[in-house]
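Look for subunit A in each of the two complexes below; its partner is subunit B in the first and subunit C in the second.
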Partner chain A sequence: MMRRYFKLYLAYVRNCFVRLLDYRGEFYMQIFAWTMWTGLSLLFLYVVFAQVGELRGVTGERWTREDMIILNGTFAILESLLHALVVPNLGRLSEQIRHGTLDLVLTKPASAQFQVSARYVHFGGVFNFLLGCVIVGVGLKMRGGGVTWQGAAIYVYLVLCGFLIAYALWFLSVTLAFWFVRLDNIGWLFDPILRIARFPMDIYPGQLKFIFTTVVPLGFLTTVPVQTLLGRAPLTVMATATGIAAALLYLSNAFWKFALRRYESASS
Partner chain B sequence: MPAISVHHLRKIYRTHVKEPGLWGSVKGLVRRHYLTKEAVADISFEIQPGEFVGFLGPNGAGKTTTLKILSGVLHPTSGEVRVLGHIPWKREPAFQRQMSLVMGQKNQLWWDLPAYESFVLNREIYEVPPKQFHAKLEELVELFGVRDLLHVQVRKLSLGERMKCELIASLLHSPLVLFLDEPTIGLDVVSQKRIREFLKEYNRRTHITILLTSHYMEDVKELCERVIIINFGRIVYDGALAHLVERYADQKRLTITFAEAINHQDFSRFGKELARSEFSVTIETPRAAATHVASEILRTYNVADIAIEEVEAEEVIREIFASGEAGTEP
Partner chain C sequence: MRLRKYATILNICWQDVLQYRGNAMGWTLFDVLPSLTMILVWMAAYRTRDHIGGLNLQEMVTYYLAMTLLAVCITPHGEWDISMSIRQGLISQHLVRPIDYFLLQSLQQTAWQIMKGGLFLPGFALIAFLFRDFAQFPSLTVGGWLAFALSCGLTYLLFLELKFLLGISAFWVGSAGGFIEVWYMLMLVFSGQFVPLTVMPDVIQRLGEFLPFRYLYYFPLMILLGKAAGDAVLRGLLTQAVWVGTMFIAVRLTWRAGVRAYEGFGG
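And then the complex of A and B:
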């Protein structure tokens, strides 16, 4: 089963790579745009920290400039993954519903959610991903103090959970397109929400923090992985993150199936 | 066992009515008025393995809806359907591996890629073993004559070439049942004809069961021995195309060319006059009287040529649509 979908995914990647060779200009433009994007956000960070020494959260947790660099690097990693793997697919869903190409997806012997979620890959995000890794590395070096291999492995695992959480939340929102067919712009709603994760959750006041850690668990996208990397969070967050990711993935699939049933009985 | 069996299929859509203007749209956000539309009223038929059946009807008659139900895309409101023994809308992989849906207006091939890349993708989706994949691809490429097109981006292909590649993509997993929704739509006459030839040949070779919708009469006339005509969600006729004309057209047409100008001669005693030129006239007479009338004319006038023709199937169908008459072949 897993092997089968892995092979299918490779075929998608192969498709996208062949296309890439044909549109190299677009590829370089993407790399350029994304690098600028990450560079500007680092510049912003520099300007802010030229004025303030550190961010102090409402709980009293302190975020130094180095911590913030690591957090921003993590955000760049997460964002590049989403823009490479998720956006090109979910951005097309409402169009697929409107044009009826979803019909063809539904006749094929593979999970429909997988088909609409994994079809396209944008390789332009790869460079930004590497850049994010470098930023995290530089932040750690500036900060000094050792990071254990174990800590790094948990960090990678938590970022992966964060990615899955973000995907599931995004998928849940684009599935609404079955009810509101012209929902091309939902991505624009999700982007600013995502940007909340650019800052540590501690800086948001009580109620907002509650919402971002439980209702819409944005805290698990970047804050929790970085806290773990810096040794400031208990290892139990791994279980919590895994649980949230699994629950949201399940929910996204259940909601998708519910929406499909409506599509099957209502569309023409 | 029939390949496809449909009993009392019914499908009702519920759509909301949008009131005109901006205010109407705003009101629609709060309270919606729904309209139910019966796309398929009550349809029953069976198709045997290897049959090539044409599904004819005007726009909005329920053809595409029926096809989507049969291929598992839509749930019916009520009725029983079996395709290869499966209930289509359960969408079991075992069913999906054995059928294909091709829609003339919706493409599965990726625009920016050579068709071959999309074929490889389908190989993975349908899990076709590499050896079988290559043999099948070879067979189809040969049949469709598209060897040179496989590695050209789909966007650079003509509409007809694209449809050939769409068909190949949908046949690579060797389905037993093929649903075709308007496969020749928008194609020029030559491409239409070629697509038809391929389908016919493929059906003959593999005994694949094909259900084709079209509103080009030519498609159905050339390909299908059996037609199912549907109008307002009901079956109006189900049987051989040849019998359709005999059954519904009780008139024949005589076109007489005279050796001299006919001026103002009156032919009304032979039947209804349809057209007239300086030397010829076309008359419609009851089927039974046609030979008698012909010999009468030959005796009376100086005739250069006479032709007795059936009414075109197309016209018969148009009349059935207009009158809404129902009937099935015994």
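And then the complex of A and C:
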């Protein structure tokens, strides 16, 4: 079962690579644009920290320039994973529903959610991923004080959980397209929301912070992994993050199945 | 007669917009959320300092709140539609019609603006209410408000022209996606949507003097905050008008060159 999906995914990746060779200009342009976005958020940090020494959250939690650089790098890593693996797929779903081409997916003998979520890969994400890793490294170096292997491993695990949470939230928002067929930008609706995670959750006032840690757990995307890396969060957050990721993945699948019952197919 | 033709078009555009009003909500989220996040980040910065780049907290919050209003109400998003029409060959049908495509696009975008603005007003009221303790209502003279309104009008015209140019770049650039994104980032930085230009490093401020972007948001907002007054307002409005004129000529020339370069496949 797992092997079958692995082989299927490999075929997807191979196909995407062949397509990539046809559209090289677009590929480089996209890499350039993503790099600029990362540069832009570093510019913002530069501008802010040219004025103040630290950011102070609502509850008084302090974020120095180095902390913020690490947070930004983490966001770049997360975003690059989403851009490479998730967005190229979910961005198309509403069109597939509108034009009825989702039929082609539903009639194939594999999980429909897997097919609409994993069909396309954007290799350009690799570049921004590495850039994010470099930024995190530079931030840690500027900050001084080493990181243990154990700490690094936990950080990687939490970022992975963050990726799964982000995927599930994005998928949930895109599944709404079954109800809002005419909303052609629904595939990107989650993008501006995701960017909230570029900053530490503590800058968001009371109720908002509550929403971002429980209802829409954006806090677990970047803030929690970084806090753990800096030794500011208890290790129990690993269990919480795992639980939230698992619950949201389950929920995304349940909602998808529920939504499919509404699908009427526009094609035939 | 000509006027009636375009009135009919505007009416059709409006019907179209009514049908797709959900999309307007999506765009509004795109336009508003980044500015709101910025406010909160700056508030975290102001917890350690009173003045940043010559602005106090009230002015900074007011700057970004007004920014959300401008970003929703006078920011057209026609570039995607135009570039897609060109790439898919749909533009051919417009070429053979006796209707000016730039004017048609502008009318269409204006219909969208009315819808977006109308939908956003209750949202803006809520946001302004939430930030009421941190913002201040601008205290301007009647002349100041007039200058602000005039400046916003010029901004809208400049935006229509720039976004049209951006859209028809698809005549030459194979895939417009990345190109539009890079343009958008330049606009973000040099228009002051990202952060007020006074806070920016010197290099960027000086570079911005030669670009039209600062006249999109930054200049009208400076009038609103009372940071530009007297001669500076007049000079700014004049420069803004010159940019609008220059870009209009650019639109005409580029469009003509683009149509000549166009091969019209799929037509």
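Everything below uses one rule, namely that the second predicted complex is superposed on the first by the 261 of 268 C-alpha atoms of A that agree within 3 Å, B and C clash if a C-alpha of one lies under 4 Å from a C-alpha of the other, contacts with A are read in each partner's own complex, and residues count from 1 in each chain.
One rule holds for everything that comes next: a residue touches a chain if its C-beta (ideal position, glycine included) is under 8 Å from a C-beta of that chain, and two chains touch if they have at least 3 such contacts.
Worth saying up front: this structure is predicted, and the values here are computed from it rather than measured.
Student: After lining up the shared chain so the two structures overlap, which partner does A:57 touch, if you call subunit B first and subunit C second: first, second, both or neither?
Tutor: In the superposition, A:57 contacts subunit C only.
Student: Per the contact definition in the header, classify A:148: touching subunit B only (first), subunit C only (second), both, or neither.
Tutor: In the superposition, A:148 touches no partner, neither subunit B nor subunit C.
Student: So, A:264: does it touch subunit B (first), subunit C (second), both, or neither?
Tutor: In the superposition, A:264 touches subunit B alone.
Student: After lining up the shared chain so the two structures overlap, which partner does A:214 touch, if you call subunit B first and subunit C second: first, second, both or neither?
Tutor: Touch status of A:214: no partner.
Student: Of subunit B and subunit C, which one touches more residues of subunit A?
Tutor: Touching more of subunit A: C.
Student: Is A:37 touching the first partner subunit B, the second partner subunit C, both, or neither of them?
Tutor: second
Student: Under the stated touch criterion, which partner chain does A:23 make contact with: subunit B (first), subunit C (second), both, or neither?
Tutor: In the superposed model, A:23 contacts both subunit B and subunit C.
Student: Looking at A:195 after the superposition, I want to know if it touches subunit B, subunit C, both of them or none. Which is it: first, second, both, neither?
Tutor: second
Student: Is A:107 touching anything from subunit B or subunit C once the two structures are fitted on A? First, second, both or neither.
Tutor: After superposition on chain A, A:107 lies in contact with subunit B alone.
Student: Which parts of subunit A are in contact with subunit B and also with subunit C?
Tutor: Touching subunit B in the first complex and subunit C in the second, residues 23 of subunit A appear in both lists.
Student: What does subunit C use to touch subunit A in their complex?
Tutor: The contact residues of subunit C facing subunit A are 19-20, 22-23, 26-27, 29-30, 33-34, 37, 40-45, 47-49, 52-53, 174-175, 177-179, 181-182, 185, 188-189, 194-195, 199-201.
Student: Under the touch definition given earlier, write down the residues of subunit A that touch subunit B in their complex.
Tutor: 4, 7-8, 10-12, 14-15, 18-19, 22-23, 99-101, 103-104, 106-110, 261, 264-268
Student: Residues of subunit A touching subunit C in their complex?
Tutor: 23, 25-26, 29-30, 32-33, 36-37, 40, 43-44, 46-48, 50-58, 63, 180, 182-186, 188-189, 191-193, 195-196, 198-199, 202-205
Student: What part of subunit B is in contact with subunit A in the complex they form?
Tutor: Touch list, subunit B to subunit A: 13-15, 39, 64-65, 68, 71-75, 77, 89, 91, 93, 96-97, 99-101, 103, 106-108, 110, 112-114, 117-118, 120-121, 123-127, 153.
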